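We just call them A, B, C and D in the order they show up, numbering each chain from 1.
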Amino acid sequence: MNKRSLIGEFTKGLIEENATFKMAIGLCPTLAVTTSLVNGFWMGVAVVFVLTFSNVFVSILRKVTPDQIRIPVFVILIATPVVIVELVMKAYLPAMYQILGIFVSLIVVNCIVIARAEAFAYKNSLLRSAFDGLGIGAGFMIDLMLIGAVREFLGTGTITVGSVVLPPKPLFEPMSVMLTPPGGFITLGVLMTVLNIVFQRAAAKKAKTVS
Amino acid sequence: MADKLLITSSPHIRAAKTVRGIMLDVVIALVPASVAAVVFFGIKALSVLAASTISAVLAEYLYEKAVRRPVTVGDFSAAVTGLLLGLTLPPAVPLYVPVVGSVFAIVVAKQVFGGLGTNFVNPALAGRAFVLAAWPLHMTSAWLNPLTMDAATGATPLHAFKGGQAAGSLVDLLIGNRLGSLGETSAIAIILGGAYLLMRGVIDYRIPVAYLGTLGFGVFIFGKPGALFQGDPLRGILLGGALLGAFFMATDYVTSPVTPRGRTYMGIGAGLITLLIRYWGDYPEGVTYAILLMNLATPLIDKFVVPKYYGYAHDALARRKAKEGGR
Amino acid sequence: MQFISILLAGVLTSNFIFMQYLGLCAFVGISEQFETAIGMSGAVIFVMTFASTVAALFEQFVLVPFGLEYLRTIAYILVIATFVQLVEIFLKKTAPSLYKALGIYLPLITTNCAVLGAAMLNVKNNYGILWGTVNGLAGALGWSLAIVIFAGIRERWKFIDIPEVLKGFPLALISTGLMSLGFLGFSGLFKTLLK
Amino acid sequence: MVKAKRGSGGVAVPDKKELSGRMPIEDAGIPAELTLFLSQHIGAPSKPLVNAGDEVKRGQKIAEAQGAVSACLHAPTSGKVKAIEPRYQPVLGRVVDAIVIVPDGEHALYEGVAPVGDDLQAISQEKVREVVRESGLVGLGGAAFPTAVKLEHPPGKKIDTYLLNGVECEPYLTADQKLMEESAAGVVFGFRALMKGAGVEKGIICIEDNKPDAIKAMEEASKPYPELEVAVLSHRYPRGGEKQLIEAVLGREVPPPPGLPLDVGVIVSNVGTAYALATALKTGLPLVERIVSVTGEGVARPANLRALIGTPVSYLIDRVGGFSSSPGKVILGGPMMGVSIRDTEVSIVKGTSGVLVLPREAVETEPVLPCIRCGKCVEACPIRLLPVWIAAYAENDFMEDAEKMRAMDCIECGACSYVCPSRRPLTQSIRLAKAHIAAKRRAAAKK
């Protein structure tokens, strides 16, 4: 396999190896915190931070970690940045910390983070791992924001970022169901289907131009 | 001539009943309830029913065209779903409620699983549950007074009944002269339709009997606040959506068990959950959720409640003997 | 009464899968076959109940006395991982048949966020040791109910003919949504009775 | 009179008995050629005793039974053996060896044909069994299982009841009904002989309530014999299946395959078989002819014909005035379990109870729709299986699951396919699974 450029390690996480829509991992927070765009954004930030640092730590220690106990080691290496994120959020974004609730702590068992540690950082250099973490994290953040935006728009009729409300007035009667669990599951299911179609079309187009 | 003879596997004759015929029977059975709705709630009722039915059929047609499948609107199942959904809505809901409900019912609850026969929840009820969760205010307050057709404030008779009040005369309940969703007010019209389905052999009596029996019995026990065994089972059954649910929703073939005994369990289970939600839950009525939840249990019921095959007793005996012999 | 209330909440009104979004990966991943779903359920019920107990004990006797609450996440995950490991060794020695049935599921549970989630929720709700254990059991029972129902439904999908883009996760998520729509009906259950 | 219970499953089928059931039985006469398959039914083929060119006479044995499940064959009329050659056997669906006889029109009786007697007291059990064997008697209800095998049951089994099957639950067919109406005394005599041959003390004659005349005739004829009773059953398909009959009349259930009625102390024979035994005892004539209902909306004048075994189907159809309209399907047997045939030049066998012609417009195939899981097939299945799942497994090649769901217990009665509103070929799919499983078991047994 050809080694990707560092930029490539970053961009692959956006679409090609997108956590939610391609790999379908880390589903719990994907649904639990995506009732609005902003929630999705902050959760995404937390994941980017954890993922980057856990990847870096794992990569640094990859040579000295015995194979048999690597999973427990990973867990500790992941838990460290998680605790940092928790403490920082609690201190500076207490309201957001309340909303995201236990799901910030649960990043520690998020399959994305463990999967990247196991499948990538454990086998790659520090820099590469850092970019991989950033990329996968960024992809995940985009996913969360996308789902959050869709649910917020349908569920409240508007999208609120800070003091900006768009559209200023709901154009239709908001469907509160979109903010509830059923709405979350169905939104994600439908979004996945739609993106599958998009990916499929893109792949078909690519195959056509190549041939 | 002889070489044109048809060769097929036996049997060589088929019963007259087809899927289309069955669905048509359901449509016919829904006519009394729909007519009653229009009589009591006028043009509003007609527009809601039309909106739900037309959008259901249209949604089925468009989805099937989009994924390049044979179009099955001719089997009337989409029309049945749309009509049933319309009948569960309050008369004064804005028209986008039936439209969104029908599209959700047909596309999300039915077609994505492969269409009629492979969906696992009753599409009409899923549609209703969706719009109920989407616009709870419309779904619980858009009532009209029957005949006068002016907007009604205040609670439905079911609400009063749960509070321990008499909730109207039995005659009014039977005819349908009360507040309520379009298709659930006139008990007589629903029973007429249900009787037609039973007579035509379309539905199995076990589900409605077990459902309404369980519900009536439960209302008798718990129906009066603060006292046991003093409830009014008749009003408990006539009020709310239990009749429509028992005859038309719980009996949906695709989402109810295939075995006779399983159907009895389905009815009992739906009755119990209805009681649970009605008396101890957040929602005023539990029929929709009760049947949806039993839909979820249906694959398990089908898996574990199977008839004992012919000659089973011999095998059971042999197994017992083998076990004893082994000791 | 509190016992019933916590149990009902965990199983019905705030079901881990349908209402709390906990343990989704395993829920979708291990529900394709009925027998495996049952096996996983057994393992989850066992581990989640007692992991809740152990975590609560740890909270009360280690974290709080020493003022180490900020290390809770890291502490809990280690406690759970160790506990699962111990259970595995213990079962292997004392109950080989049970180990055979649950063994392959046990390692998977460490990363099942429902287990850590249950322990975290216990702290959030101030449940203490006894009620924390009950809540763990309730959550596990609810999770198991969900996966068993879903496995029953998925068994029927062996033969369905649907577009490729819907297969797998999209369909699983949409159907989980429909199931959770049904579970909405339980909301507020027994609220009045238990006040 | 025995009041029968309802029994499991089953479907209400149209009667259609009035088409052929009004007129008395007619003689079909002698066709230009007779084809006697050496394999009339499952089991080992019989061994020919004649050669091409031989002269044979009516009642003369022309093939000998060989093997356990086998019966001998006799010449139905006098004539010349034209050839012994492979011909298409429609019921087995394959080409088998057949003795072809060109009748000489004399209809001369074979010298060896002599009455045994008509006093059952004077005939020993052993003699009855010998006559049954030597007359080539098989079950005339359709499956054509050699009767001798049933009578000579293993000594360990205790048989307490003999059921005479006059149910004829298949629509259209009236051969058994007419036989009971017209020759009740003969049927009762034959039944008593069968009971003697099997050493059974109690006999029950089973008839569906849609044949009041036959019930009356049989009650009349059996009155003098206290060991005989008549059981009247409600009309429901497949009440006349062996297992269903035992369940409905006696409340017993035969063990699953390979269980036999013998295992629950019962033997079942068809009324036609009883009558054939009566004929053999009284006149000495072996099984060379039978009653065939030639019926259906597709023939001009539906009737019951007394036809020689080996008569071509086309000849029988001509005897009832030919096709009334363009034929769609010609079926040997009834509409539920019969076999459709490609052309009418094939010949009938001992087990052919009817020739059913359905007009073209009645056999238009309807499109097969997806299963809507209405459960009607579950209610219809007389074995209480779940056809809905077995068929789905079979169609998708999950044969092991089909086997687990007891596909092998299926009796292929067709009730599930009949009721299916989606027109799914359930019976056919299950049959496929059975063939697959049977082949797998054979392969496993060989190892």
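Here are a few things to note about the model shown:
By definition in this document, a residue touches a chain if its C-beta (ideal position, glycine included) is under 8 Å from a C-beta of that chain, and two chains touch if they have at least 3 such contacts.
Treat the numbers as computed from the prediction; the structure is a model and nothing was measured.
Within the contact network of the assembly, the step distance from subunit C to subunit D comes to 1. Each of B-C and B-D has its own count of C-beta contacts, and the greater count is at B-D. Chain B has the C-alpha centroid lying closest to the overall centroid of all protein C-alpha atoms shown. Put simply, the C-alpha centre of subunit B and that of subunit C have 32 angstrom between them.
The geometric centre of subunit A is 71 Å away from that of subunit D, both derived from CA atoms. If you average the CA atoms of subunit B and of subunit D, the two centres end up 46 Å from each other. Separating the CA-averaged centres of subunit A and subunit C is a span of 22 Å. Counting partner chains per residue, subunit B has residues 108, 112, 114, 118, 130, 133 touching two or more of them. Looking at subunit A, one finds that residues 180, 182-183, 186, 190, 193 touch two or more other chains. Those residues of subunit D in touch with two or more other chains do not exist in this structure. Across the whole structure, chains are in contact as follows: A-B, A-C, B-C, B-D, C-D.
By the touch rule above, subunit C contacts subunit A in their complex via residues 18-25, 28, 70-74, 77-78, 81, 110-113, 116-117, 120-121, 124, 164-166, 168-174, 176-178, 180-181, 184.
Taken together, the subunit A residues at the contact with subunit C in this complex read 24-29, 31-32, 71-72, 75-76, 79-80, 82-83, 86-87, 101-102, 105-106, 108-111, 114, 180-186, 188-190, 192-193, 196-197, 200. Interface residues of subunit B, counted against subunit C in their complex, comprise 67, 108-109, 112-114, 118, 120-121, 126, 129-130, 133, 273, 276-277, 280-283, 286, 288-290, 292-293, 295-297, 299-300, 303.
Taken in their complex, subunit B has these residues touching subunit D: 1-3, 5-15, 17-19, 21-22, 75, 114-118, 204, 253-254, 257-260, 263, 306-315. The touching residues of subunit C, counted against subunit B in their complex, run 34, 148-149, 152-153, 155-157, 160-163, 166, 171, 174-175, 177-179, 181-193.
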